[in-house]
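What follows is a pair of complexes built around chain A, which joins chain B in one and chain C in the other.
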Partner chain A sequence: MPENDQRSISFWAGTVLVGLALLAPFGVNEYYQSFLLQVFLVIALAQAWNLISGMTGYVSFGHAAFFGVGAYTGALFLTWGYPWWIAIFNGAGIAALIAVPLGFLTLRLRGPYFAIAMLGLNEVGRIVATLWVSVTKGGTGLPLPPSLLPSLDITYFMMLSLALGATLLIAWVHRSRFGLELRAIREDEEAAEMVGVNTTRNKVTAFVLSALIPGAVGAVYAMYTSYINPASAFDPARNIEMIVVVLFGGSGTVWGPIIGAATVMFLREMLWAQFPAAHLAALGVLLLIVVLYLPGGLVSIVRERHRERPDARPGESP
Partner chain B sequence: MTEPVSHPDHILCAWGIARDFGGVHALRDVDLHVVRGTITGLIGPNGSGKTTMFQVISGMDQGATGTISFDDESILGWRPSQIYRRGLARTFQLSRVFPELTVLENLVVAGSRHDRSVEERAFGLLERVRLREYAKVRGKNLSYGQQKLVEFLRVLMSDPALILLDEPAAGVNPTLRQTLWDMVRHLNGLGTTFLVIEHNMEVIADLCSDVYVLSEGEMIAHGDFAAIRNNEQVLEAYFGKKRKSGTA
Partner chain C sequence: MELLEPEILLQMLINGLLAGALYALLAGGLNLIFGVMRVINIAHAEFMLIGAFGAYVLFNVFGLHPLFSLLIIVPIIFVVGYYFQRVLIERVVDRPMLTSLLATYGVSIILINVGLLIFSSDFKSVPVLQGSFLIGDLAVSKPRAVAGLVSLVLSVGVYLFLDRTRLGKAVRAVSEHAQVAQICGIDVRQIRMLTFGMAAAMAGAAGVMLSIIYSFWPGSGVDFIQKCFAIIIIGGMGNFVGALYGGILLGVVESFVGGFISTQWAEAVAYLLLVTVLLVRPTGLKGVARA
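And now, the complex of A and B:
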């Protein structure tokens, strides 16, 4: 399929999906609206993880830390009387600010060392939120007065905007020179540096952008649940969720996290209803099947059909 | 070690380069000067330190001591990307194309961010080696020889003044090898300087006006190929100690 056709299909498919998502609150009940909101939350987080881990190859096991920072920052700014949009802006900003020095420190590590360092970060966040009682109210958690919270419809559209914004960001990165350099780093960091790619600058930029999104999502999540505590804000399962969703859909792609989030969330909801005791095990088996037989994720089913071929093959042998 | 005084004809000057790995002296007080516009050879037996020297010059190995100046500017301690952007590029002994990037992307990523005609330049280079039809093929789907050629084209994207080639023809079939050497000659004719590691002495004799010989981390000889081939130390490094007459 020609590249222009693929782009055209992507554009129209995206437009239809966004149109449906915009209309959904007017045609579905609160249960489905909440379900869709959670799908958007997972899409936004998965896209953020996709940027640093899928595109750059630095597998993070601790991006939930930025979500937690954003959740607490957003919640605190709301309780201090600031409007919700300032709370979200600050949630994203503080997460990004933390990511700058952290990126310079941790992105020197590679492979499992980086992954473990990030896992440690999530734990540090949880412990700080637990022990800093004067600000976070510790393990008791931080309730948000309903009078300060936006309505479910507004929260829904905020989460949709974040999912859409994260996806557009990834789409832009994918087609940009910056994205090309990130992919070169993923393939061979030394060789990338050797052809003029400033690997440190690119990695830290990707890391900061990938922290900014969960920061904003965390702030909206706090408004959605109206209560956060260290366990829910810095939940390690959220890290696993991001990774599972991206692997399910297709790592390093624009559509992978969307397809992965929709599929995983739908399956989880279905399996939970059918097998309340074993739904996570069933989901785990499905993930195993996808990873073993479709290492490129669900999007690779379409990709494999359109594998590249040279226009002609000169008589060359190795 | 000679005094570090650069000569206007020298595009690259390295003085007293030393590099240790634990107790192993990979390079010991190595001096090397590359004259602008030439093709200079760097030869020596396996393990003599040739690739380590390339690693140090290109900035990939930051653990060496000594002085390196490129185009009258000290570059020791610079990041590899800075050195590349300054005009010194290198290839690797084993092909390191980006496997999941297309051939075109492999080239474009090495071009300037500010060059609006970077794709045209990439297509032009591919055309010259008859690989244009492979532009959209991923690096991993090329043959090894094609990968080496793409890696060579990649460093040309920045129009470097000096190119370090680390065994560029190893594992490449004779047709592509010829294409590669023809291109080296052509670029050299246009003014590009080359420092080449190569085991094929016919190629060294044919291409290089100046040859350096490394052995066990030390620079043991320097001169034109005719002088090098008759140098006692060089013969000893390659073929072992001369047997004394009368011994078996």
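And now, the complex of A and C:
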């Protein structure tokens, strides 16, 4: 398929999907609206993970920590009486602020070592949230005053715009020079450096952007559930979902995380809603299958016919 | 300062050494795998928990003492590890390190959640030993002493196997250079399966010992794998003896931090050490890996 055709199909498919998502609140009941909201949540998180791990090949095993930071920041600002949109901005801002020094420190490490250093991050976040009782109220959690919360419609549209924003960001990065440089880092970091790519700046920029999105998503999530505690804000399941969704759909691509999120959320709703442990075990099986047999994800099944090689193979660069 | 009295310091040291011996056994296996096949096994701590839950089941169903169930569990986990290598890890061993990292991450997710389905998220323990040995002014808790000493004996056993036997020499050869080892007539595939089996068995034994000291649940692995990473990075990735020293060092540091500051901070020590060492020397203090 010629490049232009593919692009216009992407454009029209995207427009139709966004149109449907905008109209959905007027046509479906609250249950399905909530479900869609959660799909958008997973899409936004998946695109954020896609940006650092899919594009650069630096696999982050602890990215849900930024979600937790955003959730707590958002919840705190809301309880301090700020309007919800300021709370969301701050959720994103604080997550990004934490990511700057963290990125400079950990991204010096090459792939597998970075992965090891990030593995415990979400857990560290949970412990800090539990121990820092004076601010977070520890294990009892933070209830948000209902009078300050935005309505379900507003949280729905916020989450939709975050998912859309994250996707457009990925689409832009994909076509920009920045994205090209990130992929150069993924393929061969030394070579990239040799031809003049500022690898550190690019990696840290990608990392901070990919922390900003979960920060905002976390803040919206706190408003959606109206109560957070260390276990729900720093849920290891979310960490797993983020990774599996991207790899399953196709990492480093624009559509992969969307297709992955829709499939995984649909399966969870249909099959595993009653058994969270079974859901996660199934995600583990999915991850194994993808890593062993389908390194390009679902997207590559369609793509492989038209191109010599799929976009991304996480961890396939040396 | 009461804490600075020599008896108390000695007490902390002994507790640290005993805990460290358990870490050393666990991390030694992880490092063996890394050394031989350059695979970081994220599911290593889950193999440990298989041992712990095995001891729990054998104790509750047959009333078997964990020291006896060691004799049943260790061979079983060896076989499981052997075939695990054959079925799964052999497929990813020649691919880039991140591929095997993701594969073992998948296995870890599966094992944790199957464990949750079977055993729920309640904490379990195997309370077989109580009380303390009194040596002079020192009181060493019996379960800790037994677990520490058994772990030490097993670690030294594995070391002697690697150091003295022909098979152990083959393992070290593959660890040093797989292709050259192959040319010298060593069946590298077989050695890799043997190594994984042995490492899994070490983790399983550590799990059985863990079951008599701590309470555990299917999600306990996270803390331990984090500690293991800290240990093998301190001791040098792929360096078996380094992992033994690293494990003991971590145990002692944790014990002193726990004594002087707080036990909650002791839990964070491993992560802080890990990040610090990674930043100062990404290849570890005495490593074979190249970043």
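Everything below uses one rule, namely that the second predicted complex is superposed on the first by the 286 of 318 C-alpha atoms of A that agree within 3 Å, B and C clash if a C-alpha of one lies under 4 Å from a C-alpha of the other, contacts with A are read in each partner's own complex, and residues count from 1 in each chain.
Keep in mind that, in the parts below, a contact is a pair of C-beta atoms (placed from the backbone, for glycine too) under 8 Å apart; a residue touches a chain by one contact, two chains touch by 3 or more.
Note that the coordinates shown come from a computational prediction; the quantities given were computed from them, not determined experimentally.
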Which superposed partner A:L283 touches (first chain B, second chain C, both, neither): second
Contacts of A:P112 with chain B and chain C, given as first, second, both or neither: second
Contacts of A:G120 with chain B and chain C, given as first, second, both or neither: second
First (chain B), second (chain C), both or neither touched by A:L180: first
Touched partner set for A:V195, first chain B, second chain C, both or neither: first
Superposed model, chain A: greater residue contact from chain B or chain C: C
Intersection of the chain A residues that touch chain B with those that touch chain C: 314, 316-318
Chain C contact footprint on chain A (complex, rising order): 57, 59, 61, 105-106, 108-113, 115-117, 119-120, 123-124, 127, 131, 236, 240, 243, 247, 275, 277-278, 280-281, 283-288, 291-292, 295, 314-318
Contacting residues of chain A [partner chain B, same complex]: 177, 180-181, 183-184, 186-188, 190-199, 308-314, 316-318
Partner chain A, residues of chain B touching it in the complex: 58, 60, 79-81, 84-85, 89-90, 92, 96, 98-102, 105, 108-110, 112-113, 130, 133-134, 136-138, 141, 143-146, 154-155, 157-158, 171, 173, 175-176
Parts of chain C lying in touch with chain A, wherever the complex brings them together: 40, 42, 88, 91-92, 95-99, 101-103, 105-110, 112-114, 116-117, 219, 222-223, 225-226, 229, 233, 264, 267-268, 271, 274-275, 278-279, 282, 291
